[in-house]
Structures are given as structure tokens and as C-alpha cells.
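Each of the next two complexes has subunit A plus one more chain, namely subunit B in the first and subunit C in the second.
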Partner chain A sequence: MKEWQFNPYHQRIDEAMETTQTPPPADTEWELWEVFQQVRRGEHHQHVGAVHAPDPEMALVLAKENFVRRGQAVNLWVVPSSCIYATSYEDSDIFQQGSDKSYREVWGYRGFRQSRVAKIKDGGKDGEG
Partner chain B sequence: MTDEERLQQFEARIAAGDKIEPGDWMPELYKKQLIRLIHQHANSEIMGALPEGTWIPYAPNFKRKLALMAKVQDEVGHGQLLYRAAETLGKTREQMTEELLSGKSKYSNVFNYPCETWADIGIIGWLVDGAAVINQTLMSEGSYGPYSRALKRICLEESFHIKQGYDIVITLMSGTRAQQAMVQDALNRWWWPIIMFFGPHDKDSVHTETLMRWGVKPKSNDEQRQEFLSKFLPKIWELGLTVPDPEIRIDETGFVHFTDPDWNEFYAVINGGGPMGPERLAVRRLSYQETVWVRRAVEGKRVGPVPQMA
Partner chain C sequence: MSATPPLDDAVKAALVDYILALADDETVIGHRESEWTGLGPILEEDIAFSSIAQDELGHALTYYTLLEGLGQGNPDDLAFLRPADDYRSAQLCELPRGDYAFSLVRGYLYDLAEAVRLEGLAASTYAPLAAAAQKLRPEEKYHLMHGRTWIQRLALGSEEAHGHIQAALNEVYPAAAGLFEPTQGEELLVAAGIVPASADVRVRWESLAAPFLADLGLSVPRGTSDLGGRYKQHTEHLPQMLEAMQALRREDPTAVW
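This part shows the complex of A and B:
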């Protein structure tokens, strides 16, 4: 019986060792595309990362391969990264709220409502405090 | 603002658990170390596909073949995500590709060892990826936003790699004596490369201090190694396997005592002296050279002569 031998030749190691001692130069400088994934219909697209590609079709193919290998998606967007305009983290104070704006928040109305309703039910009076 | 004040602000943000983003001010050393680290990590994902890829044609059945192909494909995808994270710091993917192909930038030593039998695929998936997940889960809590986000995605996929490796090992260990011996042999050969996977001891690690100070690396090499050993040793023993270290034991505090690996080998392999070092790079170069036509086709250019196959 012929003895079984491991054959690494499909990786062509011998050939590689003989022919490719000098590295080939990198030959792509593809544009960057930001990828947005929509998990279910009706939901927002969400940013998941970016891919390099020479055109939008290829960017979509690569986005699918990179980001939807598992999990689900119903739709993908790709947008050239150069088209993204962003605020600066340095200026993040623009998001700070200068004064008390609790009146525009749900939590600004928490708690005391229940006790006021209870008072009313008890026949008590509740005036503006 | 002076650089001194910026640095203080930067360190305060890291201390508060804030993520640093690409446009933010950061010390040059932080940037340099991150580029080095993420670049090497990306290289490792790409080169890691080679030892396992060797076994795709020899997988014992179709399901194993599909699983192994999926795993190898995952690794290459992880490489893409990580190169992207490194790019946000200003180094191009092309530069990183060139440095990998020329041997200038490193990748994990563990991929410079040969993959001799099918049991190696089990041991690599279970223990090498097991070690990698411990490392990457920690690093995913790190301070640099793009790297941290890439790692979170990667860790989800790596858990499948561990499961498929563990499943191969369990299957072989419940098989014939010869199959069991094959697993033991694989474990014996991979043990020391795995112990060295976490890098030199803290006292000898040149980069650890900077990386820990700025929250890139939440735990040191030795701490990660302990975490790995205390998690996996009981599982190894449970299957009736032994590790090739007569001194190894877990003491009553849970601390694992083990023999120090041969660190000279570690440094020799880093510098290209690994048993498979030159072959791995040569195969990577050949593959890059022969896929020129794919990159051209993707660009919609004329493909030109297809490289001659031997």
C-alpha cells in the first residue's frame, strides 16, 4: 500500500519559494466608502464600518461580504467617505444645554404626577406649586 | 492649549473610559504604537489563514470542510476590518500590504509553525483561537474607538471558531486510540507556541507599559496568559489530554504554575526563524502576485495575461 503523505502543493510552497522572493508592489488605491446597514424594514440604517472599492457596485459587494456574513440585513447603503461632513469633537460644547430644559424631557414629568392624581382622587385640592 | 495640557486632557478622558476617535488629539507615541499593534494584528489574521487553509482539501467530511472554509474566510475578513482601523491613524492599506509582503512588519509567531495533521486544525481552532479571544475581548475594551469597535465584531465570529475546533477535538478524542494519539501529538507540538502567544513576560515586554498606561491593553501579557491557562487547562485535562509540561499545576488560589518556555525560540521566530516563516511569506507573495488580475478586473480594466500556473 502506498504510504499516505501530506501534500502541501496546493499552496505551491516550492514554487513560491523559487519565484517570489521580491514582494510585488501594492497596486490599488481605492476610494473609501462608509457602510450603513438596515437590519429590518422600517428601521434606521446604521453605520457599521467602511470598505475600499473602485466603484459603488463593488463597494456594495464588499460591504455585504465584510459586514453581513452573519446576522441579518434587508438593505445596505454605501456613501463615499469624502461626502461625510461631521461636527468636531473639539466643539462638542455645541451640544451642551445652557439652562434647565427638563420641561422638554419625559423625565421632567416623572414622579409627582402620580401623587397629584392620588390627591385628586382623595378629593384634595392640588394647586400649582 | 499646550501639548502638556492636551496630554493631561487626553489621559483624563482615557481614565474616564472615553474612547479616542481618529480626529482627536493624541500623543505621537500612542498613534505610533496603535499603528504597529493593529497592523500586526491585521497581518496575523491574513497569515493565520495559511496554516489552516492547507487543510481545506483534506477535511474529513463535507461539513468540516464548509466549517473550515467559513473560519478561514472569517479570518481574512477580520484582516480587512483591522487594516481599516489602522488606516484611520494615517497609514494606507497599500503601505501595510507592502510591509507585510517585504517582511518589514510582523505577524503572530504562532502562524509560523507547521500544521501537520487534521488534529492540528482542532487544536488551533480550540486553543489558538481560544487564546486570541481572551486577548481580543480584553483589547475590545481598549481606548481607541475604531480598533475597539472592530474587535467587538471580530470576537463574535471567533466564538464560532473555538466551538468548531473544540468539536473536532472532542470527536477525535471519542474515536480510536490512533485518533486520540493524533490529538495528543498535536497538543504537544502546539503547547509552547500557544504559551508564547501572549508575548514575553511583563518585565521583558517593551511595549506593554505604554499600551497599558493609555488603556490600549487593559491587562498585561502575564495576566492574559494566566486567564487562558486557568480557563482551558481543566478542559484539556477533562478530555484525558496532557500538556508537555511536568511542572504544570493549579494551586489552591487558582494560580497556574508552569515551566517557562524557551524565549530564545520566541525571538528567533519573530525575526523570521520560524519553521514555516519564509514559506508563509513566499506563499502570501505568490498569492498577491497572482491576484493582480482580480484587482484589475474589479477596477473594470482589461485583465491582461493571466499568470502562468505551474
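This part shows the complex of A and C:
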């Protein structure tokens, strides 16, 4: 049997170890940008993740290859994460449904449940609702 | 098959040489760029640059597939079973990856040359080559955006960053001449409207590269170095690289991937 020799890779492991011995100071970390991808014109941009970058142009360059190297897009947005305002998880009970809210759904109406559209959509199984 | 007229033997031989040079350029620089995988300066850039390296290997596959259509054997064998002294890649591509500035500057100058060449090839009278060129062009546009964005920021950044870019440029810019070294019989292909003349590609390349670099306060070196790749002359770096790249395939050429 031949002895395997992946020299470049062994060499790279050594280099990686060297690099990790001196961690960069924390203040070199770049700003975080949220990335939004539009798959087709006219559709909503959808949030797909975030990248670190020093400025918006670089954020777009990195976002393109990190999120659309496979798949499809016609447009990308990047937004500084610091511009996002969010609710607190401590307040997540505000999203609980305290009472029956089915009247807010089309499905909540007896007339719709019995309609042809609903039957077609459910494969004709939803007879009596 | 499309209605491409049959090529006469001399033109066909020249075309094989020409496409082989392009394919080998892509294989060698793609492999060199892939050596940064896992070692990139930040995670996002590591992923982006690795993806660009994969694109270059994809371009190589496109060109090797054209060669298969010209009776030159299958793409895997062309990439993985030929020795260094049968490769037609420019010596620029085989130089070790150096520091990150070196790989960025080499990548940018290479991608610009490729983009300019593809512009001409997209109008080739050899239909399969024109079709391939039209497919590859959009990817080069992104590669160039990536390269310009990084080089701008480093060249206009700290003195240290600027110094790294300038040092890379001093080495890479003259060596890029190897990309424009005409292959055997290129003049036949130019006369038949199959490929743009490499000398013209170089002039256009320089008219785009030099002002971009000069505007960043970089001095653009003169001169020409590292020729011979198109005629199978290589530095010691190419056999070393191919030994690693081809090890697995040579061990068991019948293995299924």
C-alpha cells in the first residue's frame, strides 16, 4: 500500500494552529448586517441570515456568496443589525391567543368550511367541519 | 449537434490547444484558491472565496467538456491524469497562494483577463465556445465585484494593508502576461473569428486594470515575466500542486465519486 501524503493539508493544519494562538483583539470585529433576499421581482424580500462586514458594499458582496451561491435571487438588501428594533422575549406572552380567534380566519366561517373551495383544498375530506 | 461547419485539421488542433490553455488556467488557479478554504481571514470571506474557487473549477469542467466534444478524452482524465509537463496553464496560476493580498490581487487580475476574453469568445464563430462563454460571463462579473471591493479597501486602508497589496501587485502584474501568451496556431483561430487575439485582450485588460489600480494610489509595474506556460514550461510549484491534487485519482482511477 502507498503511504498517503496530503502535504498541503497537513501544512494548512499547522498554519491554522499558529493563527489560533494569537486571537485578534475583540474590537476588530466588524458590524453585523441582516440579509434579505428577493427571489423574484415583485415578491417580498425574505430574511435569510446575517454577515459581518465593514461597510454596506462589502456586506452585499459577502451576502451574495454566503446566501445565494446556490438558489435564486434577483435582489439583496443588507441592513445594519443595530437598526432592528425588537420586542423582548420576556413579553412573548403578548402573542398568546387568550380566546378563540377563529373568526379572524377565513376557516372560521361555517359558510366557507362547507364551500366548494374548502372541499377541493382539503381533497373533499372536510364534509361536516 | 448544431450546424457548426466541420473544422479543418490545423484549425481543430489550434482550437484544442487554445481551450486546453483556458481549462488548465481554471483548474490550477481554482485549486490554488481552494487552498484558502478553512484559512480565510473571516468566516464569511472564507465561504465566498471558496465558492469562487469552486466556480473556477466549474469553468474548467465546461472547457474540458468542450475538449471531450473535440475528441480529447473525458474531463476527469484531462484534469487528474495529465502530468505537469502537459499542462498549458500560465505560470501565474501555479504560484503558491502567498498571503491573502497576493491571492486577492492574482484573482482580480486573472478574473479581469477572463472577463475580457469571454467578451470576445461570446461572439465566437465556433458555436459551442460562444455558448459556453455566454454562460460563464455572469459569474466573472461577481468575481470582479468581489476582487475590486477587497482591493479598494485594503489599498486605501492602513499603510500595512496598502504595502501588502503593492507587494502582491509587483509580483503578479508582470506575471499576468503569461495569460496572454498566444497558444500554438492562435492566428488561425483569430482569422476564422473563433477567438479574439490575445494581444488585443491584453490591451483591453490593461486599459481596465491600470487606471483602477492607479486610482488607489498603487504603482502599476511595467514588464513581462513568467512566460512559457502555454508551451508546457512550468515552475517547480506546478508538479508539487498536481501531486496533491491528483493523488486520490491516481491511486484508483476506477473509483466512483
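The definition used in the following text is that the second predicted complex is superposed on the first by the 81 of 129 C-alpha atoms of A that agree within 3 Å, B and C clash if a C-alpha of one lies under 4 Å from a C-alpha of the other, contacts with A are read in each partner's own complex, and residues count from 1 in each chain.
As a convention for this text, a residue touches a chain if its C-beta (ideal position, glycine included) is under 8 Å from a C-beta of that chain, and two chains touch if they have at least 3 such contacts.
Source: prediction; values computed, not measured.
In the overlay built on the shared chain, the residue A:89 is in contact with subunit B alone; subunit C does not reach it. In the superposition on chain A, A:64 contacts subunit C only, with no contact to subunit B.
When the shared chain is aligned, subunit B and subunit C each come close enough to touch A:52. Greater residue coverage of subunit A by touch, when subunit B is weighed against subunit C, goes to B. Applying the stated touch rule to the two superposed structures, the overlap between the subunit B and subunit C interfaces on subunit A comprises residues 6, 8, 12, 15-16, 19, 51-55, 58, 65-66, 69.
Against subunit C, in their complex, subunit A makes its touches with residues 2, 4-9, 12, 15-16, 19, 30, 51-55, 57-58, 61-62, 64-66, 69. For subunit B in complex with subunit A, the touching residues are 21, 23-24, 50, 53-54, 57-58, 73-74, 77, 80-81, 84, 92-95, 97-98, 101-103, 116-117, 149-150, 153, 156-157, 278-279, 282-283, 285-286, 288-289, 292, 295, 298-300, 310. Residue ranges on subunit A touching subunit B, taken from their complex, read 6, 8, 10-13, 15-17, 19-21, 23-29, 49-55, 58, 65-66, 69-70, 88-89.
Interface residues of subunit C facing subunit A in the complex, by the touch rule stated above, are 35, 38-39, 42-45, 47-48, 51-52, 142, 145-146, 149-150, 153, 241, 244, 247, 251.
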